[in-house]
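These are the structures, in structure tokens.
Look for subunit A in each of the two complexes below; its partner is subunit B in the first and subunit C in the second.
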Partner chain A sequence: MADKLLAVENVSRHYKLPKQALFRPAPVLTAVDQASFDLERGQTLGIVGESGSGKSTLAKMVMAFEPPDTGRILFQGQDINALDAGELRLLRQDFQMVFQDPFGSLDPRRTVAWSIGEPMRAIGRAAPAEIRIRVAEVLEQVGLTAKDGLKFPHEFSGGQRQRIAIARAISTRPALLVADEAVSALDVSVQAQILNLLMDLQADLGLSMLFISHDLAVVASICDKVIVLQKGRILEAGDTGHVLGNPAHEYTRSLVAAARM
Partner chain B sequence: MIELKNLSVTLGAAAAVRDASLSIQAGDRLGVVGESGCGKSMLALSMMGMVPDALAVSGQITLNGTAMPPRDETAWRPHRARSMAMIFQEPMAALNPLRRIGDTVMEPMRVHLGLSREDAIKRTLDLFAETGIRDPELRLRQYPHQLSGGQRQRVLIALALACDPALLIADEPTTALDANVSLRITDLLVRLSRQRNMALVLISHDLGAVARATKDILVMYGGDIVERGPTAAVLAHPAHPYTKGLLGARPRIEQAAGKRRHLPTIPGSVPGLFDLPKGCRFSGRCSVEMPHCARSKPENVNTEQGQAACHQLKEGHNGG
Partner chain C sequence: MNTRYLPANLVIGAILVVLTLGVALLSVFWTPYDYTQLDIVHKFQGPSAAHWLGTDQLGRDLLSQLMAGAGNSMAVAVTAVVLGGSIGTALGLLASAYGGWVEDIVMRLSDLSFAFPALLFAIMLAAAFGPSLPNVVVAIAFINVPIFARVARASANQIWTREYVFAARAAGLGKFAISRDHILPNIAAPIIVQATIEFALAILIEAALSYLGLGAQPPSPSWGRMLSEAQTLMYLAPQLAIYPGLSIVVAVLGFGLLGDGLRDVTDPRLSRER
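Here is the complex of A and B:
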């Protein structure tokens, strides 16, 4: 058995919806329903499904932004919801996230270097000089220059901002990168550049990736394995080539057909 | 029906659209593709007479044989909704959140066609049926937030059809939608165009949707129309290096399937309006660039599939 980095075991998450009537209990939405999967070191796992299928809820739970209602999430063998706040903060350097909209996740009034250094400062282990060196290093790793760190987010194009978000995510040398629709807002040519960058970083740094997307063609080009989610349930899972080549469910077939057009 | 001749939309020295000419007839289905910031939406707005005041418009716009002054509101207003209508990317932003959907859809019928409330309700229900909106009677009374994204986009399409336009311009109608919903909306637009003999202009950066829905295609880059022709032929045998680059960069499900292989890319990104090269807009990113490309604007050359504007083609090379 290969080295397991992340194990998601029977995880469910429910949300209470607003009350529809005064004397009836509030309806409950099951965002994730009994999901289980593993992620091995160095692997990329794609999670596909349409909006509302529970992709982002799953990501939030893996990132320990939200606890699951039932089930466990083990990262490097540790239950991330059993840790105390200090332990969790330290562990956070090992899993980082890249969001869809880099403009929303970068502070417009801070320099890019400040934003990239933020996770390192939050962990509180690195000296300011060390952080400066590391920021310059990651900027170059994502195809920007150390000088770009002095600029502000609005001075960059969408693709470059996504590079900055990736630089910030890899600054703490994580073992796992969670990318939530990280290339969805980009034009095709820029999207291809960012996908290539992610593939390179993965090879160079030995990263594992949880790659969330509604675009099957994108998932097909970057993921080793894939999970298809519908209404919070895992419909199918397996090697990307196999699942997309011989989809077992009608829903997966419709997604494949949509991606082929 | 509508014709643009040497249309340019400029902001000082910068051109958002440069020298665009095109003509659309009833029943045409035209796709406009290119990356963000290439002038696609500005081209569409100029066909609606809605170019923002800050920009200057030059060239000719002819609508049903009449020359249209680019920004004379009184000249354009009677044509909007009836001659042409437009739908936008984000249906939530285009619908008034405080008004019932029925009232919003009925407004153009009452203003432009002078229908009574009863007739407008009847017509709205017909349009809801035609555009595949479920529970039409209920929808009339609902508010936009009570609908899913796909249903909202159908409402916008019904709204655009309210006065039987001869031309429907859809600006990224499916970008905000899930892949399989987007497929159904694209197919709906094609069906409506066929049934009503209505011209459709589909603006999208999604080459798949354009390939599926349109007969002809315009490829825009940096405000220029760089290639045009029948959609299937152009996408099968692109002549312009930009069209080739766009097609190459597209991840393809049948090829990739978990192999984790690098995708071909176009280096760099679309420059800002003021940083565009004077000559060929694509110079600086082009793989087959020649020294004079950045300085002189390429002429349109006839290709096997249509037309393309590239110096390589003009000099008898085959662009690679």
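Here is the complex of A and C:
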């Protein structure tokens, strides 16, 4: 049996919408509907789907920002929603996230080094000097310099800020990196650089990745396996080449067409 | 935001505030005369080289009284707004961070207090616990708690949806640490704006309570008390009412304008509508 890092089992998530009529119950939106999948160590799994298909909701649940309404999420065999707050906080160093908005994922009032050091400070095991060394190390790993740590986020371009976000995410040596539309806000040429960086880091660090994008072209370039999501349901799943080569559903074909591949 | 052209309300407000605070601060170290010093022979004097603004019905130097009154007024307003503002902000942060019943309790309490006119509440408190400046401070602070709780909660709710807050959660930070490290620094601007506006109101309430005899007690100087003492002498010596009245207007207007101006430059959403 392959080494399962992440197992998502029958996970659903419902959102109550604002009440529309006084005497009718508030309508419920099913953002994720009975989704199940596994992620093996060292693998990159892509999740693709149009906007609103539930990709970010899935990411939020994998990151334990929100609990699922049904089902379980097992990380390294542990149900992340069954852990107590302290255990979960400790486990968090092993699964980190890169967000979509390179202008939103760094606190504008904090220096880059401060933000990168935050996960290590949260764990509370490393001395300030160790953290400083590690911050410089990851900055260099993502193609920046230790000196860049003294600057504030607004002094960087979108691509550089995404590098900073990646540096921060790998600072605790996680096993899993969740990237939700991590390159979608970037210019195409910058996208390629960030994708290359992610692939290099994955090879060097043995990271597993859950790579989420509405853009099939991006997913195809980086993922071993892919899941196609529509209205919260997994429509098809399998090896990237296979799914994209012979899409079983019209929806997948339209995504392939939209990506102009 | 265009910082090259500061709005007029900000500039005028800042000038008036600096003037008021400067005078208040100066009064701590120096006034031309002891404001309690009686000099019946020289009562009701007009402006002169010895007494720049003249003297009152007991021959006390008016300028000295006004300056000392400024000191009192600012001390009350600062203490009350900082006290009420800190407690209110903390409650608002708590409500925003923990939600659920914590939020319900904080918000219902603040609803309750909003149903109550502020001045009326201050009068009741002063009536219950006796007239004194410390009680005025407590009353004004109390009024400010729900106001800041609301502003802090509303602003904090917005910050909680920012990606850097999710990033902090992913880092393993708890709600308290996130509130301290990310939420509070990023809601400082609206809190400071609110504080400036509440400061103007605090000056007004202190003056009103002292005017009603519920605040500063003789011989403690206060603009409100000067006004009430001048009331019976309105026809004989209107300047005795005009000076403290003007002082109140300048201080309240100054902080009010400064608060508006700060809001304009820190909240692009509102200033764009202008």
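General remarks:
Keep in mind that, in the parts below, the second predicted complex is superposed on the first by the 260 of 261 C-alpha atoms of A that agree within 3 Å, B and C clash if a C-alpha of one lies under 4 Å from a C-alpha of the other, contacts with A are read in each partner's own complex, and residues count from 1 in each chain.
Going forward, a contact is a pair of C-beta atoms (placed from the backbone, for glycine too) under 8 Å apart; a residue touches a chain by one contact, two chains touch by 3 or more.
Computed from a predicted model, the values in this text were never measured in an experiment.
For the composite obtained by overlaying on subunit A, subunit B and subunit C can both be accommodated side by side without a clash.
When both complexes are overlaid on chain A, the residue A:P27 reaches neither subunit B nor subunit C. Touch criterion met: A:N196 reaches subunit B, while subunit C stays clear of it.
Once the two complexes are overlaid on the shared chain, A:D107 sits against subunit C while remaining clear of subunit B. Once the two complexes are overlaid on the shared chain, A:F65 sits against subunit C while remaining clear of subunit B.
Taking subunit B and subunit C in turn and counting the residues of subunit A each one touches, the greater count comes from B.
Of the two partner chains placed around the shared chain by superposition, neither subunit B nor subunit C is touched by A:G206. The superposed model places subunit B and subunit C at 80 degrees from each other around the C-alpha centre of subunit A, with the value given to the nearest 10. In the superposition on chain A, contact is made by A:Q93 with subunit C only, not with subunit B. When the two complexes are overlaid on their common chain A, residue A:P128 makes contact with neither subunit B nor subunit C. Minimum Cα separation between subunit B and subunit C in the superposed model: 12 Å.
By the touch rule above, subunit A contacts subunit B in their complex via residues 44, 50-51, 157-160, 187-193, 195-196, 199, 214-218, 220-226, 239-241, 244-245, 254-261.
Across the interface of their complex, subunit C is touched by residues 63, 65, 85, 88-90, 92-93, 95-97, 99-101, 104-109, 115, 118-119, 122-123, 165, 168-169 of subunit A. Interface residues of subunit B, counted against subunit A in their complex, comprise 35-36, 149, 178-183, 186, 205, 207-209, 211-212, 245-246, 249-254, 256-266, 269-270.
In the complex of the two chains, the subunit C residues touching subunit A come out as 162-164, 166-174, 177, 181-182, 185-186.
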